Amino acid sequence: MTEERTLDFLEAKIEELRQLNASGGIDLSKEIERLEEKLSALRQDLYSNLTDWERVRIARHPKRPYALDYIASVFSDFYELRGDRIIGDDRALLTGLARLEGRPVALLVQQKGRTTEENKERFFGMTRPQGYRKARRTMELAERFGFPVISLIDTSGAYPGVESEELNIGGAIAENLQTMAGLRVPTVAVVIGEGGSGGALAIGLADRVLMLENAIYSVITPEGAAAILWKDKEKAREAATALQMTAPTLLERGLIDGVVAEPLGGAHKNPATTSAALKEALVRHLHELEAMPLDRLLAARYARYRGVGRYVTRAPDQP
Amino acid sequence: MTEERTLDFLEAKIEELRQLNASGGIDLSKEIERLEEKLSALRQDLYSNLTDWERVRIARHPKRPYALDYIASVFSDFYELRGDRIIGDDRALLTGLARLEGRPVALLVQQKGRTTEENKERFFGMTRPQGYRKARRTMELAERFGFPVISLIDTSGAYPGVESEELNIGGAIAENLQTMAGLRVPTVAVVIGEGGSGGALAIGLADRVLMLENAIYSVITPEGAAAILWKDKEKAREAATALQMTAPTLLERGLIDGVVAEPLGGAHKNPATTSAALKEALVRHLHELEAMPLDRLLAARYARYRGVGRYVTRAPDQP
Amino acid sequence: MSLFKERQYLRVHVDREPDDSLWMKCKSCGELVFKRRVRENSNVCPSCGEYFFQTSQERLESILDPGSYEPLGDRLSTDDPLSFVDSRPYHERVAEAQAKTGLDDAILVGRGAIEGRPVVIGVMDFRFIGGSMGSVVGEQICRAMESAIADRRGFILVSSSGGARIQEGLLSLLQMAKTVVVRRRLAVAGLPFVSVMTYPTSGGVQASIASLGDIVIAERGAMIGFAGRRVIEQTIAEELPAHFQTESFALEHGQIDRIVRREDLRSELALALGFFVGAR
Amino acid sequence: MSLFKERQYLRVHVDREPDDSLWMKCKSCGELVFKRRVRENSNVCPSCGEYFFQTSQERLESILDPGSYEPLGDRLSTDDPLSFVDSRPYHERVAEAQAKTGLDDAILVGRGAIEGRPVVIGVMDFRFIGGSMGSVVGEQICRAMESAIADRRGFILVSSSGGARIQEGLLSLLQMAKTVVVRRRLAVAGLPFVSVMTYPTSGGVQASIASLGDIVIAERGAMIGFAGRRVIEQTIAEELPAHFQTESFALEHGQIDRIVRREDLRSELALALGFFVGAR
């Protein structure tokens, strides 16, 4: 997206002209207006038909708002609950209580780091078993007190390492799925950036699954698929398309329940409007879920996941 | 108990005489009979009024039957279930399914080692967090399928070490207590040797708590109490008495529900009769518990533990 | 504290071509062994004890009582929901796998009996696109558990899978959720689920249904883990422990209940299932 | 990854003798500080921030809204069930502790409010035989939780205990079970329990009620652990890590939710309790 930089440059120039104009020497209002129209048209052109790969890049954009940004803008009174009570406290998956329009909710959020230091602490946003077990503990707390559970998903995947395997990361993910399958409170999961495979699903088996417009959600990273299936890491772009991992496509496929609009160019272009849209979506979906009697909620959750899959029935005598 | 050795020596001599007699040279039947009467009287004398400290020594006797011995003699089809699904598999606390008179039960047993090798593997019979968490997992399995839970307790205490603390051994014990408090199946715990403090109670919060006649059950080891309260490790004997940790006393105090008789001199003198007595007691208590409707079982368990404690009410104006 | 001497994974010869000879040469001990004898011996070399790869059909044969197997309901096949093409089209891969294995997809499910105990069983087949779980495998596992609930039988799943079926995209990831919601129903119904992990049980299968057995058994020679060795080596850039992700590694780290020899699997399952007969 | 710089435990001066002077000298910074000022400041040195020991009465004062405290029901005292004598008789130790502290045993329980939120609270007192839990402490904790259930209030327990009261033998061990069965009722009633761990929270208290909070908070300077340092050093014969069993150790190892400064404890508790108002 080198075009993106050109547009940013043009925007800066317009701003300079605007200041010159304001200083009162000459009247540039007309010219500025025309430049702005041009800029707007170019933006529309650039961003309205994003390729899948461009969305992947936006989903991973270093300036993209992370979970804690939404916690600050969408929720109030975030009260972090730390530790799995067994081994440690993962900093790539945070949990806690907070308020959404005054109403208590439980949060499970995956948090990437921005600095090298922070990335080290947060294992580049990859969740370890400690994080999944903490999430499960917080889910159970939420269930005890009737708090809805909201997950904000943003990880390239569960952390692959010797310690993760020693601590049974697969088992931890499986147990989370089992717990979420039976949780007697409404659950909403939102993929805010990267929804990376089992590492994302481990907090994503929810009544409603939403995605930000430029988030991705996939069984494997494009790079991983390229390496395994194309035997060529350069094919990530093709893989991204083939895997159908973008929000609009997944909504069309019926695999998610809603797409939260982002400003042109991505959430980082205007975090405030993104937060507002996210908040509106969360409130609306929770409102619908809370109107459902518990048994209907659980039955709907069951039906949703029981029904996922595409296959054909073969004739008994087919070879 | 040096007298014990004298008696063992006498017994050996009688056996030698019996063989001489059998070989047919001379008739010693009368003399042998008299010696046996004498031996029996001496034994009765020595063992029928054991001091508390003598019982402590029997409870820790290196030849005393351990949990796996009872598993072999009291139960059939032991099917071990290993691993806490999180960290590891403790070898000082074993769990599994087995049959008691054909009926499936879940077992949680603490196992000491006999050889140096085995003691290293089993951490000298001291349970680690991995063991307590495995026990909890097996309890939950038992609950799902309606299997009664039988605990055989034999530990000087939970393993005190850096790793234990890092893995939240206190939290693991607490969670076991909470799980046992609500377990929707009958539970029986038997102290077969040493019932060491929280490390024992962690599998001991049961509907029925039994002790073998020479087992001990205490808030602290006699040695620990001597060091802390008497500031003198040599006072373990006094501490053992003061702490009231023997089966007959605890039964009298109403803190346990039954004492399983051991042969004179301790279970190791005749493991078979001890096993038979243990089996009879387990079958009888389980039979009684299984006759109770679940709500009454849980109410009785609650009342039992809610009611434990001795205190007086002070007048409001007392200084 | 491994039960067996440490080793790399046992060799798995998945590409055994069908041929008509009556004898085969064991790649481990070099002996010529009678093929029928090998098959009757659960595909374990009668001479040296080496495990040969077992197809799902052979696995069923070695576990179930003779003649007790009865496949479940419909034959399902993928409809290539993403019209996926990588270095070649997915539908071609599937057709080839079907031709090679005689299977519709990477699992066989059916009813049967083990030493007289009625069960529903699913056996995954590594030959079929690495035993990966896509829509068909997920659906068949669910139908098997539903059949177990309907008939009040125990459920056994023998896993052999590299993980999710990439070519079905997010749909395949969601099979993890799908199998788990049904597994929960099996638990609510009070029926036992014995998970048998074989070479390999990994990725999305290990991180969902396979890890949720009431009892989890690993076959000797199994590979058990979530992330692939290569992915981990790239991430941490260090040598992996010698027995990493072997069945003894899993046992040592508390992830499984037991390790069994393949020859003993049948009696092991009968023993385990016996406890649950008439359970609540 | 400690939040605070590593240190040995903060000094706890439990044997502060009552005296009549208006000023005291801070043992940490050496400043002469006005005693009333210290007490109003949650027993934190206004000059250097050092924590001084807080009695249970002072703790209640610093947490609860002024004038809101109302002790619960009966005053209970041990009846020395074992007629226990070690280097001296237990009943003498108790009488001395009662005289020294003005308490009946090692805990105060009552009703009160925190920033207007009604609670039931128990505060243990380390001065009374090391804050150990015998029959009285166990009973009072249970009565406090029962009162919380009756009034539908949240429950707060501030722990400061070396563990079980050895002098009451098995009875004191069983207080672990007793507090836990009642804690379960509190949970079933849908009422929150916030456990506050202070210096020290160890042994049978840490291994039962204190670890079972819906939220577990550690005060800065807390010591948290099951086994005593000396016991561990004897067993493993090695140096313990510098921050072993500190609150930052507990946080790092996932055992607690949060660390709070004593000055912030009141607002922290108000914030936490706020989430549960009107919860199911």
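For reference, chains read A, B, C and D in written order, and residue numbers begin at 1 within each chain.
Note that a residue touches a chain if its C-beta (ideal position, glycine included) is under 8 Å from a C-beta of that chain, and two chains touch if they have at least 3 such contacts.
Model, not experiment: these values are computed from the prediction.
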Chains in contact with subunit A and also with subunit D, listed by label, are B
Note, CA centroid farthest from subunit C's centroid sits on chain D
Whole-Å distance, C-alpha centre of subunit B to that of subunit D, is 33
Note: subunit D sits from subunit C at a C-alpha centroid distance in Å of 53
Residue ranges of subunit D touching at least 2 other chains are 211, 253-255
Shared-interface residues of subunit A (touching two or more other chains) are 85-87, 166-168, 171, 175
Inter-chain touches occur between A-B, A-C, A-D, B-C, B-D
Residue positions on subunit D within touch of subunit A in the complex are 1, 187, 190, 192, 211, 214-215, 251-258, 271-272, 274-276, 279-280
In the complex, the residues of subunit A that touch subunit B are 85-87, 129, 133, 166-168, 171-172, 175
Residue positions on subunit B within touch of subunit C in the complex are 77, 79-89, 97, 99, 104, 121, 130, 134, 141, 144-147
Interface with subunit A, subunit C side, in the complex: residues 74-79, 81-82, 84-87, 98-99, 104, 135-136, 138-139, 142, 164, 166-178, 180-185, 202-204, 206-212, 225-228, 231-232, 235-236, 238, 240-241, 244-245, 249, 253-255
As the complex stands, subunit A meets subunit C at residues 158-162, 164-171, 173-175, 177-178, 181-182, 197-198, 201-202, 205, 217-220, 224-225, 228-231, 235, 239, 242-245, 250, 253, 255, 301-302, 305-306, 308-316, 318-319
